[in-house]
Amino acid sequence: VRAAVERLSAPEKAEVLVEALPYLRRFAGAVVVVKYGGGAIGEDLSLFAQDAVLLHSVGLRVVVVHGGGPQIGELMDRLGKVPQFVDGLRVTDAETLDIARMVLVGKVNRDIVRALNVHGPVAVGVSGEDAGLLLARPSAPELGFVGQVEAVDPGILERLLAAAVIPVVATIGSDGGGQAFNINADTAAGAVAEALGAAKLVYLTDVDGVRTSPDDPATVQSTVTVDELDTLLAQGAVRGGMIPKVRSAAAAVRGGVGHAHILDGRVPHALLLEIFTRAGVGTMVDR
Amino acid sequence: VRAAVERLSAPEKAEVLVEALPYLRRFAGAVVVVKYGGGAIGEDLSLFAQDAVLLHSVGLRVVVVHGGGPQIGELMDRLGKVPQFVDGLRVTDAETLDIARMVLVGKVNRDIVRALNVHGPVAVGVSGEDAGLLLARPSAPELGFVGQVEAVDPGILERLLAAAVIPVVATIGSDGGGQAFNINADTAAGAVAEALGAAKLVYLTDVDGVRTSPDDPATVQSTVTVDELDTLLAQGAVRGGMIPKVRSAAAAVRGGVGHAHILDGRVPHALLLEIFTRAGVGTMVDR
Amino acid sequence: VRAAVERLSAPEKAEVLVEALPYLRRFAGAVVVVKYGGGAIGEDLSLFAQDAVLLHSVGLRVVVVHGGGPQIGELMDRLGKVPQFVDGLRVTDAETLDIARMVLVGKVNRDIVRALNVHGPVAVGVSGEDAGLLLARPSAPELGFVGQVEAVDPGILERLLAAAVIPVVATIGSDGGGQAFNINADTAAGAVAEALGAAKLVYLTDVDGVRTSPDDPATVQSTVTVDELDTLLAQGAVRGGMIPKVRSAAAAVRGGVGHAHILDGRVPHALLLEIFTRAGVGTMVDR
Amino acid sequence: VRAAVERLSAPEKAEVLVEALPYLRRFAGAVVVVKYGGGAIGEDLSLFAQDAVLLHSVGLRVVVVHGGGPQIGELMDRLGKVPQFVDGLRVTDAETLDIARMVLVGKVNRDIVRALNVHGPVAVGVSGEDAGLLLARPSAPELGFVGQVEAVDPGILERLLAAAVIPVVATIGSDGGGQAFNINADTAAGAVAEALGAAKLVYLTDVDGVRTSPDDPATVQSTVTVDELDTLLAQGAVRGGMIPKVRSAAAAVRGGVGHAHILDGRVPHALLLEIFTRAGVGTMVDR
Amino acid sequence: VRAAVERLSAPEKAEVLVEALPYLRRFAGAVVVVKYGGGAIGEDLSLFAQDAVLLHSVGLRVVVVHGGGPQIGELMDRLGKVPQFVDGLRVTDAETLDIARMVLVGKVNRDIVRALNVHGPVAVGVSGEDAGLLLARPSAPELGFVGQVEAVDPGILERLLAAAVIPVVATIGSDGGGQAFNINADTAAGAVAEALGAAKLVYLTDVDGVRTSPDDPATVQSTVTVDELDTLLAQGAVRGGMIPKVRSAAAAVRGGVGHAHILDGRVPHALLLEIFTRAGVGTMVDR
Amino acid sequence: VRAAVERLSAPEKAEVLVEALPYLRRFAGAVVVVKYGGGAIGEDLSLFAQDAVLLHSVGLRVVVVHGGGPQIGELMDRLGKVPQFVDGLRVTDAETLDIARMVLVGKVNRDIVRALNVHGPVAVGVSGEDAGLLLARPSAPELGFVGQVEAVDPGILERLLAAAVIPVVATIGSDGGGQAFNINADTAAGAVAEALGAAKLVYLTDVDGVRTSPDDPATVQSTVTVDELDTLLAQGAVRGGMIPKVRSAAAAVRGGVGHAHILDGRVPHALLLEIFTRAGVGTMVDR
């Protein structure tokens, strides 16, 4: 890629910058919530960090929300912890919750904050437990400390955004009594975006977007409405890890978020290209 | 140029944007005073406006200072006004001053404000007479109402910048008694930059930069120090309209302005390329 | 007049000042929009400036709106520009607009700002094109660039008033695309007063007020209601240049402005006498 | 006086108002501390209130400081309290202090606040004991609870002035332990003016100004310097109740107060005439 | 009591402090209006001052409202002023009003302010006449200058509270024309609490609370509702000086005040114990 | 303890609260940095949380700094990670750092935040990596990622304190390039206290204070000066884990911190007793 740029002339560079102008004007001060992570965390973290800091630097207010399933699994393996299942669903007991929290807050969150702070002291790690951010309740009693979002108090995020900081949110919530719960990061991201009245909710995934036929790459949609998403869900055309993303995207847009985006995080700088150029790299969810 | 961009791939676009990141971080909130105009006002006004609004949109605080000699001459011709000279220098009588003020404030300033406001309500025209901005005194009694800057009160500019506005300054000053004077825009730009503690003072010119041998394009300097500028001035290597630019650039940098730049305004988007890319398009003046 | 004052005793002076006290209390912080100009600009400018600065100094927030028809005609004459007519109405072609803008923004506006700033750095010139102040559309296609007010964005005026500045507004508007239009200053003043929620809208004219019989000076009204103004307009009792003033005054009062005043600007210090003494010098428009 | 005004024409009224303009500009936002009271409180209270509220209404920040010796004496008489003397000086025992405080804070202060508040809710009564305003120590042990100012904490006055209120100060101070002291109002006024960095300190008295020969009305000075005041004090040309006024005026001007004024409070609206007209009604103390 | 504390161990002290924690959290920033006085002012003033300053110091916003009937009567006696009666009700003529005002504002208010300021410059005395705080009208024409509250303008109290000051309010009100009235302090306290949206309105009295049988100490209620208070009033179970307290408490709670409390002010530190411990010392009025 | 309180009478409770008053006044708004942890984290966490929230609730600004050596060792054991030593000092390799960070940020920090948030949403977890808080450099190259504090940027803490939040700091720092380091919590606490200009720096330890003879409990000092600490360090009278505490305490007090305290964290509510009662529970370090 470096070589390609060397080949770019001054007029070419200028045109790319100028192409960004209308988007800069439109999104000045807008809140963008980016769900990053799961499978996507890895070698591309520094590319992602460049994108997030660039958005931040040109005046958008960026919130990063992340999960960390694979990393949790890895530490559980190393500790010889064998997962328990109830009706095929994994149970989160107290020890598993502790491990999840250590990994999410103490490792994945830290790695993202560090990657962002390479560009200056811009990022601060936050857990959903901090200052009442994510109020949680059990998803299902038999699953233990797996929670779902009951309410979001965005105060701490608003204060950090007002202080020109990028909050990086680990999706551990807590109930009124201080009991922690592990929360699905996709749904947490949607709830945070709605609570902040975000202009955009972006899911960085490892797929190329929403397809009408899951197995046919040619059916990737550049735009879908929330009603079309309902239909696709009902038809079973959305599968696996895409389900919480699609559901949360639809709910957030219905709840007042400007647009949701399901991007292909494997494309370098997907976030930047989606927001500042005419080049789309995934599916945009519209009302 | 348009065609060139069509050829650019997503990775190429991303790399140009990412190249801007460190400059965005470095100049966040910085004041940039841009002297625009004289010969340069014309077809490239909309390109200049794109650049200025883009700088503004990504968080720099932009002040535009302009003159308008050719446009003044044109209206004087049309009005059949014959210039008077004393020792070869043009005299600005009361009527000429009136014409200059009408053209600068009522035409050139308006054209620049309009070009900027195509991108949103971002620009406000200001005359140096407004709220005591440019306090002037006569340059030489025999030349009439040609003035030089005695003091700058940047209050009105600071208030407009704080309100996220681009002030566009016509360089008419006034003395304590309300008498207006026409002021050289190059020196006014330097004085304004110094009063604002600007990070950058940029002259958009129709030359390719500062040359050590005025007739040899190969001697254009990419960087010069203020002391080297003094030497070049003493050697007579700086000529004509470059003299006030070079003098004001040196004085401003000595007075606390971060850097001055003498750019080739004929290069499209010269301002953007100079500030956001590694591609230099003129001479930078350093301490 | 000077001699008269010399004759005034200390008790007489004190009583005049004390007479102003209830009005000072009532109008503290109130916005007063004054339409000044057209025929009225001339020898009395310094008297007007004293009045406006005095209002400003005692805590009212003053906005001056002006036109400049005669001055535009004068420059057109000098440039040998022959007016065009369509069905008896003057056409504003591009060149005429340019001339109007130069005169209004570059000469009349400047002269008013200068006269005010004799008393300190209190005034700033503003064009309706600045920061989206006056959004205009064509009045009638065949008349060219004559516009009417579509919307007022008072933001820039509010910021200047908050900064204890007197904005002086030249009534050039622009449409969304940046095209300028010449706007009738009487109607612009009314629209600005309404947008600012002004307490008073004052027209300084060269007549003695609103008459029920236009040719009978004895029929000048000291107070009229907006409904009475409608009747007078319908009866043809209002003529010529008074029509836009009366229409705008009625519309502004209906739109929330406290009172409108049509004063005789030929009376020295008419503005001051109307606002701070029991002596009325024209017609007050009430709801 | 009323009749005189009826005779005044509109131009005459206008000229009086215009005469005030330069003074309005000069004193905008300035702090004026007015010592009112002692012998002067009486029928002219409503005239004084008009003046003070007018100054307040046009943007000056007014503080009223008052004593109340005669009123204290009157209540002591009624209560059959016989004054005690030590070496010819009156002793303030605990009961006398109580009476003084009741009269100053509960009667004189209230009467002044009420007279001001006739014009709107502008005034608030303050005792020097409030929020540490006047820190006092005994003047002389044998005199009991007569105090002098050790330090002024102007915080409460600054907060009230910032809230656009006229503080009316009764000159009771207290020491660190909460013991109250009666303080001479002339010296307290000077100390308050100095602590506030006032532009003016005005004593409203029942004499016509500072005389170089105390018995010769022809020797009233319109201006004196602080050094000249020292000389007059040394020569014994200042007598009786004028001594603390003259001493405090000189000290305050030396301590940074702009000017002190010793006015003839028997002239109606003396305060207004002194500040807003060319007519002087007493002595101004200059550096 | 001192000796008792010496006997307390560190764990005992810690537990008392910790017992206060939930109350501290609950009442952070809450407004508490305390009616103090009448019979209660005396030797316990310094204990009361400790309580009020302690509430203030831990973040509650305290307003003290006081009367002073006994002290007024005492000065009237000393001045040989014989009370007048109309139909058995005492008449407040102009002289009596003057005496009441002197005592309330100049003595009782001062004593309370002084006792509070022993702990630092925290208190400021305010009369209901200040800045329009208590707008009054006559209670009954034949009673003279006895007033009732027509409206409360809490602006001055809010400004003082915002400045971290404890306002101490003497309940003299005034009508629009500046005429003062003596107002019952119990009802004034209720009106002030309602205007401030207080969390608590506390009456410090010399009884042990609200009894259902006035002569039976065993019938003291720890909690009553406003409806129960109505019933007790109708049954005649509330007598004498308790009537205005009970009526005002009920009205204030109905008007939005969180809770009213009728405490036994003879218990040392009753205020503190009621607010920060589980030990109740009177009756709480609930909705 | 509960039983003891039940025995306490209302006067006893009141006296304990009143005893706190002068301390409340003195420390209003003061910053208190509390080092908590290491051996001390455990069953007493909820007692500590009560103390910290109580300080916070009465207006002190509390920062908690913690380590977590034992907890790190425990997870390393479980992961079968064998510590490496160089010259007897433990080496922190990349994997160890990762584990330390997970435990400190993801477990210990979380447990403290949760315990505080039982009382309301008051606490937010912060890592020294966030927003440039702790800039670190390697302590000794051969020890790997053990760091020492090079600079503290207290901005994020100041913002959280201004937002009425208790920051809980995990002492992981990072260098300019984003490399994390494990930092001794005792020294980090001192550096943070100094950067914040704290009034107090409190070490909660498992000893009874600073002894002049380490083995003689009778030699515990209630107060020592920084010079005396130097002497004790030089004499070897300070040992083991006390060395960094004593050094940091002395450095912080020399650097402007008001007082340092080395408390016996095993005494329940030691923090509260030290700050709000006359009962001392450790050693205070004075200048």
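The chains carry the letters A, B, C, D, E and F, assigned in the order they are written, with residues numbered from 1 in each.
The working rule: a residue touches a chain if its C-beta (ideal position, glycine included) is under 8 Å from a C-beta of that chain, and two chains touch if they have at least 3 such contacts.
The structure presented is a predicted model; accordingly, all values stated were derived computationally and were not measured.
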Shortest hop count from chain B to chain E along touching chains?
3
Moving step by step between touching chains, how few steps can get you from chain B to chain F?
2
In terms of mean CA position, the chain most removed from chain F is C
How big is the gap, in whole Å, between where the Cα atoms of chain A centre and where those of chain D centre?
68
Could you tell me the distance, in whole angstrom, between the mean C-alpha positions of chain B and chain D?
56
Drawing the touching chains as a network, do you get a line, a ring, a star, a complete graph or other?
ring
Going round from chain A, first to chain B: chain order:
A, B, C, D, E, F
Any idea which chain D residues touch chain E in the complex?
75, 78-79, 98, 101-107, 109-110, 113-115, 117-118, 120-127, 129-132, 153, 155-156, 159-160, 163, 165, 172, 174, 177-178, 180
Complex interface listing, chain E residues touching chain F
1-2, 4-5, 8-22, 24-25, 28, 50-51, 53-54, 57-59, 119-120, 267-269, 272-273, 276-277, 279, 281
